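Next up, some structures in structure tokens.
Paired with chain B in one complex and with chain C in the other, chain A is shared by the two complexes that follow.
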Partner chain A sequence: MFLYLVKRLLRSVITLFIILTVVFVLVRQMPISGYFPNYEKMSEAQIKNGLHEMKLDLPMHEQLFYFYKDLLTKGDLGMSRIYRNNVPVAEILAPKIPISIKLGSLSLLVALLFGLPLGVIMARNKGKFLDQLGTGYIVVIEAVPAAVYYLFIQLFGTELLGMPLINSPGTFTTSGNTAAWILPVLSMSLGNTAYYAMWIRRYVVDESRKDYVTLARMKGMSSGKILSRHVFRNAFVPMIQYIPTSFLNTVIGSIYIESLYGVPGMGGLLVDVVKRQDNAMVLGIVLLYACVGIIGLIFGDILMVTLDPRISLTKRGGNR
Partner chain B sequence: MKHASVDRLEKSLSVTLEEMLASPHAFEPAVFSEQDVERTGMSNYSYWRSTFIAFRKRTFAMFLLCLVLTILVFTFVQPHLPGQYDPVLVNNNEMGLPLKNQQPNETFLMGTNNIGQDIWARLWAGTRTSLTIGISVAVIEAIIGIFIGVLWGYIRKLDFILTEAYNVLDNIPTTLVLILVSFIMRPGMQTIIFALSLTGWIGMARFIRNQIIIIRDRDYNIASRCLGTGAFRIILRNLLPYLVSVIMLRMALSIPGAIGSEVFVTYIGLGLPATIPSLGNLINTGRSLMMSPNLRYQLIYPTILLSIVTISFYVIGNAFSDAADPKNHT
Partner chain C sequence: MRDIILSIQNLNVKFSLRGKTLHAIRDVSLDVYRAESLAIVGESGSGKSVLNKNLVGLLDPNGRIDSGDILYYKKASSASRTTDESVRAESCVNLARLKKEKDWLPIRGREICMIPQDPMTSLNPLKTIGAQLYETVKLHHGMNARQTKEACLSILNDVRIDLPEKRYYQYPHELSGGMRQRIAIAIAIACRPRILICDEPTTALDVTIQAQVLTLLKEIKDKYHLTILFITHDLGVVANIAERVAVMYAGDIVEIGTVDDIFYTPAHPYTWALLSSLPQLCSRGEPLLAIKGTPPSLFKEIQGDPFALRNPNALNIDHMFMPPYYKISDTHQARSWLLDPRAPKVSMPAVIDKIKHLGGTADAV
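Up next is the complex of A and B:
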């Protein structure tokens, strides 16, 4: 098991290098005019000068060499040029990450707390009123674009519950005021709640048809006990794979919610810096996301093995 | 030693096995005939007809299918109806001033937007754009995704390399791809369809790959392989027919998915130009007016239409995938 993890981590490092290299080459395909806000008015010498300053006039492999030299020897991701001029990328990202993680993990927690019981209740009342009610909720959340129902929640919160519409800059810190977090966390958790409810329902329904449930029932176990002791644990195994992925999404942040409520997190940061061609920032964020993604996948596998001892990551044919 | 079942068959057909094999017609496919059904148990079962019959029983899904088809047809008919406005025309009053933000009335069924364009006309033109985008992307995604996914799942040698390729492609920011595509191609429908397909097939391929891995070593496939069936034939005859229902469900869901992506892409400012109305455009314009209560209709109409389309595809997809499962055929 330990050896397997080491091997897998080594392979991930290679993947990481490929990802960074591909993105590095891709961002350098962007139009030159995008690097200068007043491109039309600049003389050719100025443009040449500017490109030289950013090392963009060097051949691709040399640029790549300098990038990796800085990254590997000094752990330096470079300077942001446009988002905030001449500030190290790491320094920009450092305060934003915990805020997005707090928002995301709170909403994930809410989603699990509501979604799992909802799914189980739906499965136990399959085809009856409660199941149809839950299905209705899931379909509506899937159907109405998130951008729209977030707006309605904000509207409802500000008009009827008297929450402040615009939050002062200091509101969303990792320690700050709790009340302001309620609406963003709630809005963000709705989608995940529906998602978890839908899948846990599916898995509980599938598990309940298995023979061991019939056996447990024949032994005279109460259906509540069958659910909590047998069915739930088996139904939760495939779910566990989604949780690290959901956690990754929390680190990415939500562009809609963070811009609606003025949360200074990671949401939309990648979109913003890609559009403004801040190459160092793009690479920094891609590196961060790729790391979290890869670690998340490995972590999901470890969780799965811990929860279900029948699954083996190392033996062949273990999953038949 | 003959098996008992061979005995029974011979008795029911009143010929022996040797006679049957000696006959010159022994290896010609049998033709369906009503009289022989009782004797041999052969039926005229047709997969697609049974699927269709099972689907027709789902009245709600049938209703929504008709609704979506009506909407689709209406988006093409609407511009030719009498008394319609052009979706991009700015309507002026007698003084030559634009009729901005008119509430819904007799001339403008759904009012006008903030520069005086008729929302009713824009809504249908936008639905046409969005449905075209959604259906095209879903079809392209399915073709590429199934092709790559099958190779990825079935050919073990490709698994390692394609998994690594997946990890790389999955981590390239979608925004970056979208911007590069819109930089290379002119903004428009083709560009957005191309860009969304370019990023969308990856998920489909992974989905197909996982499904193929689950069924590729089932006993019936091992039996086929032992009989010397080629990989291509196994894929076409054994694997893909088994996956029809899940593939159809996935495709039905990727249509509203692509429409939703278009809304998102417009939100981050990389969508269609304002001269091509789409549901994404309309919802985004509406969003900015959300805070003034009497202008909310500009957001609500497109949202309702989008929701109807999404829910319909969701329900139709689920009903169709149930109907396509032979276990549910009667």
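Up next is the complex of A and C:
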């Protein structure tokens, strides 16, 4: 297992290298006019000077070399040029990362805490009132544009519960001020709650039809015990594959929720800096997301192996 | 008078399917004696599985017991014949009246247990053999952890699992099909039931393993004084293990008797047809005999004998009235107008006589 992890991490480094290189080359294919806000009015010399300053006039492989040299020797991701002029990328991202990760993991946790029991309750009452009620919730969440119920929650939360509407800068810190977090986390978890409920319901229904459940019932076990000791874990295994992706999605954040509540997270940041051709910022954010994605996948695989003895990460082929 | 453990009386089971009603079990009555092994045979859709699901309360949600009783006698049935109501109520349970899961829990496992058909799916793939056996023993016998584990290992020994200590920590996917079926049997007998229902216990196994599992079932039947109900369509299994046989057709028992009654002197045309189509009786080079036609639809009310349309010897009355049971001997009865004294004499197909020559005993089938 340990050896496997080492190998897996080494492979992840290669993956990161490929991702960064490809993105690095791609962003440099964009027109140079994008680098200068007042390109039209600039003279040829000014442009040349500007490009030289950003090392954009060097051949591609040299640019790549300098990028990796700075990254690996100094851990330096470079300077943001446009998003915030001449501020190191790391310095811009550093305060945002913990906020995004906290928002993301809290909403994922809430989604699991509510979605899984909801799905299980629906499965146990399949076809009955509670199931239909849950299905109604899932359909509404999946079909109605998120913006509608986000606004509704904000309205409801601020009008009736007196929660802060828009948070003044500095409200969102990773410590303290719990109230400010409630509405954004809740809004963000609604979609995932519906998603998890839908899938766990389906898997619990599938598992409950299997013969080992019949045998467990034949033992004289109550259905509650069968659910907690047999069915739930078996139904949860196929769910694991969804968790890394949804974690990544929540960390990337929702531009809408973040702007609604004034959360200084990373929502929409990547799109923004790509549009404004802030190359250093793009690479910094891509590196971060790639890391989160890779860690999420490794975590998911390890969880899968611990829960399902039939799956082995180290053995080739394996048993059926 | 033998001691009855289970008495099914005029049982009718109906299913609601797409707005229609399917009459799956049609007025079945059956007595099961304590410590016997009874095989219920019949083709697919004859209702043998449905009949048995009623005994453990696992009828599908769209099915219901329309009428009839299933009396289960915990103690000797003579006790339940006393006039003392309280003694009777305590020793006899009408399974047809149990509705809630709570009512079934004391019956399932500790009184009646069923082994599912396919050993490949009947064990939880994510739990060790030990864990699955342990929770069973724990559920039924209040013992401490060490005693429970020892009891598990001794049961594994009883079902002839080699290296029980090792198997205890293995997962189902690490064992073969035959071993998994033994584990399923081990889990069933760990509940210490009085009645064990085996739903096609050997269908999913290959022939050599089948024989081993059947031998094992015979052994544990004696050791644990079990009453065993076999559901099967394999007449070889029937000959091998059963003491009595009930032949089901279209949701009804058409003939019941001892193994010898059924194999040597079958009386119902359906039993004749079933036995005649045994491959062992077929001469080399001849096509296998198959029963013509299909069983009647159970969605409609059946007029007369349900086998009449497929029966080459059908009488006119077969199409009009359902025959009653005719007693052939103390152990043997069949539901066919041919047994009526007024009926023309029709003798059983000569090919069935060959069974006697297949080594003389039914075991050879």
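Convention: the second predicted complex is superposed on the first by the 312 of 320 C-alpha atoms of A that agree within 3 Å, B and C clash if a C-alpha of one lies under 4 Å from a C-alpha of the other, contacts with A are read in each partner's own complex, and residues count from 1 in each chain.
Heads up, the rule we're going with is that a residue touches a chain if its C-beta (ideal position, glycine included) is under 8 Å from a C-beta of that chain, and two chains touch if they have at least 3 such contacts.
Keep in mind it's a predicted model, so treat the numbers as computed, not measured.
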Looking at A:223 after the superposition, I want to know if it touches chain B, chain C, both of them or none. Which is it: first, second, both, neither? second
Counting only touches as set out at the top, which of chain B and chain C does A:145 meet: first, second, both, neither? first
Is A:19 touching anything from chain B or chain C once the two structures are fitted on A? First, second, both or neither. first
Partner chain(s) touched by A:275 [first = chain B, second = chain C, both, neither]: first
In the superposed arrangement, which partner chain does A:237 touch: chain B (first), chain C (second), both, or neither? second
State whether chain B or chain C is in contact with more residues of chain A in the superposed arrangement. B
Under the stated touch criterion, which partner chain does A:30 make contact with: chain B (first), chain C (second), both, or neither? first
For A:310 in the superposed arrangement: first (chain B), second (chain C), both or neither? second
Common interface residues of chain A - those touching chain B in one complex and chain C in the other: 320
Which chain A residues qualify as touching chain B in the complex? 11, 14-15, 18-19, 22-23, 26-27, 29-31, 139-140, 142-145, 147-148, 151, 155, 255-256, 268, 270-271, 274-275, 282, 285-286, 289-290, 293-294, 320
Please give the residue numbers of chain A that touch chain C in the complex, ascending. 210-212, 214-223, 229-230, 233-234, 237, 307-310, 319-320
In the complex, chain B residues that touch chain A: 164, 167-168, 170-173, 175-177, 179-180, 183, 217, 256, 260, 263-264, 267-270, 283-284, 287, 290-291, 299, 303, 306-307, 310-311, 314-315
Which residues of chain C touch chain A once you look at their complex with the stated criterion? 56, 58, 101, 105-110, 113-118, 121-128, 135-136, 139-140, 171, 173-174, 184, 187-188, 191
